[in-house]
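In what follows, chain A forms one complex with chain B and a second complex with chain C.
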Partner chain A sequence: MNERWTRALTAIAVFGVLILAWEYASTNGLLKPYKFPPPSKIARGFVELATKGFPKDLTLWVHVQTTVARILQGYVYALALAIPLGFLVGALPLLEKLTNPLIVFGRSIATLSLLPLVIVWFGTGELTKVILIGYGCFWTMISNVIAGVKYVDRTLIAAARTMGVSGLNLYWSVILPAALPRMFAGARMALGVGFMVIVGAEMIGTIEGLGALIMEARTFYRSDITIIGMLVIGVIGFLISSGLMRLERVLIPWDTGLQDVRR
Partner chain B sequence: MSGRTSLSDILLGLVGTLIVLAVWEFAARGGFVDASIFPSPLLAFESAMQKLTTADVLSHIGWSLYRVVAGFLLGAACGIAVGIAAGWYRFANYILVPLIELLRPIPPLAWIPLAIIWFGLGEPSKFFIIFLGAFFPVVTATYRGVMSVDPMLIRAAQTHGLKGVRLLAQVAVPGAAPDLATGIRIGWGLSFGILVAAELIAADRGLGYMIMHARLLGNVDVIVVGIVLIGILNLATDALIAWGIGKWIGRWHAT
Partner chain C sequence: METAAAEVENRMAEPFIVFDDIRMRFGPADEGMPPVLDGIDLAFPKNSFVSIVGRSGCGKTTLLNIAAGLVKATSGEVRIDGKAVKGPGEGQGVVFQQHALFPWLTAAGNVEFGTRTRGLPKEEKRQVARDLLDLVGLGHAVDKYPRELSGGMQQRVAIARALAMDPEILLMDEPFGALDELTRIELQQELLRVWEAQKKTVVFITHSINEALILSDRVILLAPHPGRVHKDIDITLPRPRERTDPAFNEMYQEIWEGLSS
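Right, the complex of A and B next:
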């Protein structure tokens, strides 16, 4: 407990000193205020963004909603496709061997490198962004589902077989629960990928969404708004990933953590 | 970890790839999909070769590789140094960890506007973003790795009289090597993805620029070839790094 307190207090002290030093340096001309807007200006920018919006009428809330909605759409489609497909491929060794290079290659393609192609096909609208997010999430998810199914402990399966479990029942009551921790880890990683992709995808062809917000703010020399946008993106990302981790612990209590799998 | 891949596995993989390529080729040639929008792999390659010169492509590849390698090396080196400090010295841990954990959830691409504000549109802003992409995975993997080194190992080394920097270099760092390796590979993948994005948004050369420019000219074939080229480059460099890491870590850990 004592250790925790020291840790928390040091963290607060570090942030406090940094913020004060930054404020002092940028208001006294040691740092250029345009490049390093003082924290007090960032705070005022936050109020402006939350009440009046930037660009006009697009408040922070609108940007957050737009971004989160885009991510979720692509993410849900990707998972809906990747989980059954991954299960199929993972369960059939022949199919797994046939598709292995394709899956490795699909994963290696930088998601944002598809941007020009997807723009040619679908224009610069919403669909393009959802497809890019979906693509990124899909490969991360499917490779984790396949790995989860493929690397189920052989002794578990043999044990279940000797107890007379077979066929679909084997999949349902042994392989699926054993693969779930890995699938959950994949789902968490996939969401991280989606988050990364959306910021890039929003920098082109839109003024709504957090990625667009930070890019627009730069064009209008509002570095304070850019920094707020970045922090909000970070906070949302953090909340989502820690929320998923908590959910994971509640839903699959038999998961001892991927630590054991990795080592 | 994935075990040995046998020759038959490789052959099966080749067969699967060929099947998909053949179906794609057939669909594009047979007119099931519009070939000018979704060109077949062979046609795309053929016509892209007429629009691109080898020298141009090599120069784009060179620029991309230069950016990603330089940014990555810098980021990984700083990540390892800061990570070791934060994992080994209690005082540094208290100060550095909150800062790292605050900035880590911000995706590196979200730094693009700020990087442009700080460094302008030129090369430094790209190096900075790629640097961040390598830095965060490496720094977290390193400090967690160093912190989770088996305390028994450290105590055993201490009873043998090892202490200070030598204890760190000879016991703690090798003990953290597997975590470090994971961090480095994740960092490389991330740096590569970021490179492409950075080149799409603001660059006048590099593979990302090549495909974005091809879009303006409506050359779908060049885009397809560019995407595949980026994918192959990513795959090849990742394999190279995995091989290097295997050689390095194999000295302490059976893989």
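Right, the complex of A and C next:
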């Protein structure tokens, strides 16, 4: 407990000193304020964004809601598709061999490089944003579901068979629960991908959402707003990720072995 | 009609477990690899405790997996109570070297899993699980997950789980091989107690001569390349057996020489 406090205090002290140094440097001409707006200006920008909104009438709350809604849509569609497909592919070795190159390929294409093409196909509306997020989340999730199913401990399967479990029942009572920890890790990684894609996805055809906010701020030379946008995305990502981790502990309380894959 | 009658008579006369000319070969015969098992013929009476001892690579685990119905022999068959083994879950309880417990189920949940083919009502399944955990000395750990248990406790749960299906025979593949010496001795005593209480027929694989001698009525020595029965030794020493007993040491010597010749 003591050590935790010391560590927390050290972290706060380090951040405090950095912020003070930054404030000092940018108000005394060492840093150009339009490149590095002083923390005090960022704080004022935050108040403006939260009350009056930027661009006009679009408050921080509206941006956050829009962005989270877009991410969740793409994310949920991706998971709904990736979980059953991944399970099927992981369960059938032949199918896995056939689709493996495709999955590695699909996963390797940087999602945002698809942006121009997706605009041509689906326009610049909501659908394009949801599809980009979904695309990014899908490959991360399906890779993890396949791996989770494929690498189930063989002795567990043998043990279940000696107890008279066979066929589909084997998938339901053994392979699915055994693959759950890996699937959960995949779901968390996929969400991270969603947050990475969102800023790019919101750069076109909208002024709503945190990605759009960041872009709009650039056109108006409002570096302070850009920084706020970045920070808010970070905070939301952090909150959702710790929520998922808590959910994971409730849903799969038996698991400890996957701490490394969890990030 | 006559053949059916003969069959019935056969079954009456035949020992409880029969390994009938088991041959096992991985890969095609023309590749020059010796078969893993080359004509294993064994027969054990009901309620006996038989150990199969041999060096790594003599096919002991393969032999056990064939009896468990997990692996199909190239030729020959295993019969339990006159019925040829066609697959797993036909009355063979299996304990593996790795505990192979389901990490998402508690100790009680794991043991209850073993009862699933018995068609018992839910409440009775739960009672069976609790009784068996009591039997292996884990009455206090019913709600613990496998990762919260020590290696010895995990293996006790695995034994209880195998017993939960009320098997006619218990197949054990080096179940104590991964445990430390003290835990191992403890579990050997425990297993003997359980065996006497439950009257199961046990086929036990080990590479420890001591372990085979402490536990079994009979020790089968397998020789490798190709795997075959090298010696079949009855152990008539009274139980409980002491490692310090001169007669014990004599048997040890006999098996040791059998293994190294």
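In this text, the second predicted complex is superposed on the first by the 257 of 263 C-alpha atoms of A that agree within 3 Å, B and C clash if a C-alpha of one lies under 4 Å from a C-alpha of the other, contacts with A are read in each partner's own complex, and residues count from 1 in each chain.
FYI, a residue touches a chain if its C-beta (ideal position, glycine included) is under 8 Å from a C-beta of that chain, and two chains touch if they have at least 3 such contacts.
In this text, all values refer to a predicted model and were calculated from it rather than measured experimentally.
Q: With the two structures laid over each other on chain A, which partner does A:Pro177 touch: chain B (first), chain C (second), both, or neither?
A: second
Q: Does the superposition put A:Ile228 against chain B (first), chain C (second), both, or neither?
A: neither
Q: Of the partners chain B and chain C, which touch A:Leu156 in the superposed model: first, second, both, neither?
A: second
Q: Is A:Val64 in contact with chain B, with chain C, with both, or with neither (first, second, both, neither)?
A: Neither partner.
Q: With the two structures laid over each other on chain A, which partner does A:Leu49 touch: chain B (first), chain C (second), both, or neither?
A: After superposition on chain A, A:Leu49 lies in contact with neither partner.
Q: Please indicate which partner A:Ala187 is in contact with in the superposed arrangement: first for chain B, second for chain C, both, or neither.
A: Neither: A:Ala187 stays clear of chain B and chain C.
Q: For the three-chain arrangement built by superposition, which of chain B and chain C touches the greater number of chain A residues?
A: Tallying touched residues of chain A, the top partner is B.
Q: Contact-wise, after the overlay, does A:Cys137 reach chain B, chain C, both or neither (first, second, both, neither)?
A: Neither partner.
Q: Within their complex, state which residues of chain A touch chain C.
A: 153, 155-156, 158-166, 173-174, 177-178, 180, 252-257
Q: Which chain B residues qualify as touching chain A in the complex?
A: Residue list for chain B touching chain A: 8-9, 12-17, 19-20, 37-38, 94-95, 97-99, 102-103, 105-114, 116-118, 178, 182, 192-193, 195-197, 200-201, 207-208, 211-212, 214-215, 218, 220, 223-224, 226-228, 230-232, 234-235, 238.
Q: Enumerate the contact residues on chain C facing chain A in the complex.
A: Touch residues, chain C against chain A: 68-70, 88-89, 92-94, 96, 98, 100-105, 113-114, 116-117, 145-147, 161-162, 165.
Q: Which residues of chain A touch chain B in their complex?
A: 6-7, 10-11, 14-15, 34-35, 94, 97-102, 104-105, 108-117, 119-121, 195-196, 199-200, 203-204, 210-211, 214-215, 217-218, 223, 226-227, 229-231, 233-235, 237-238, 241, 262-263
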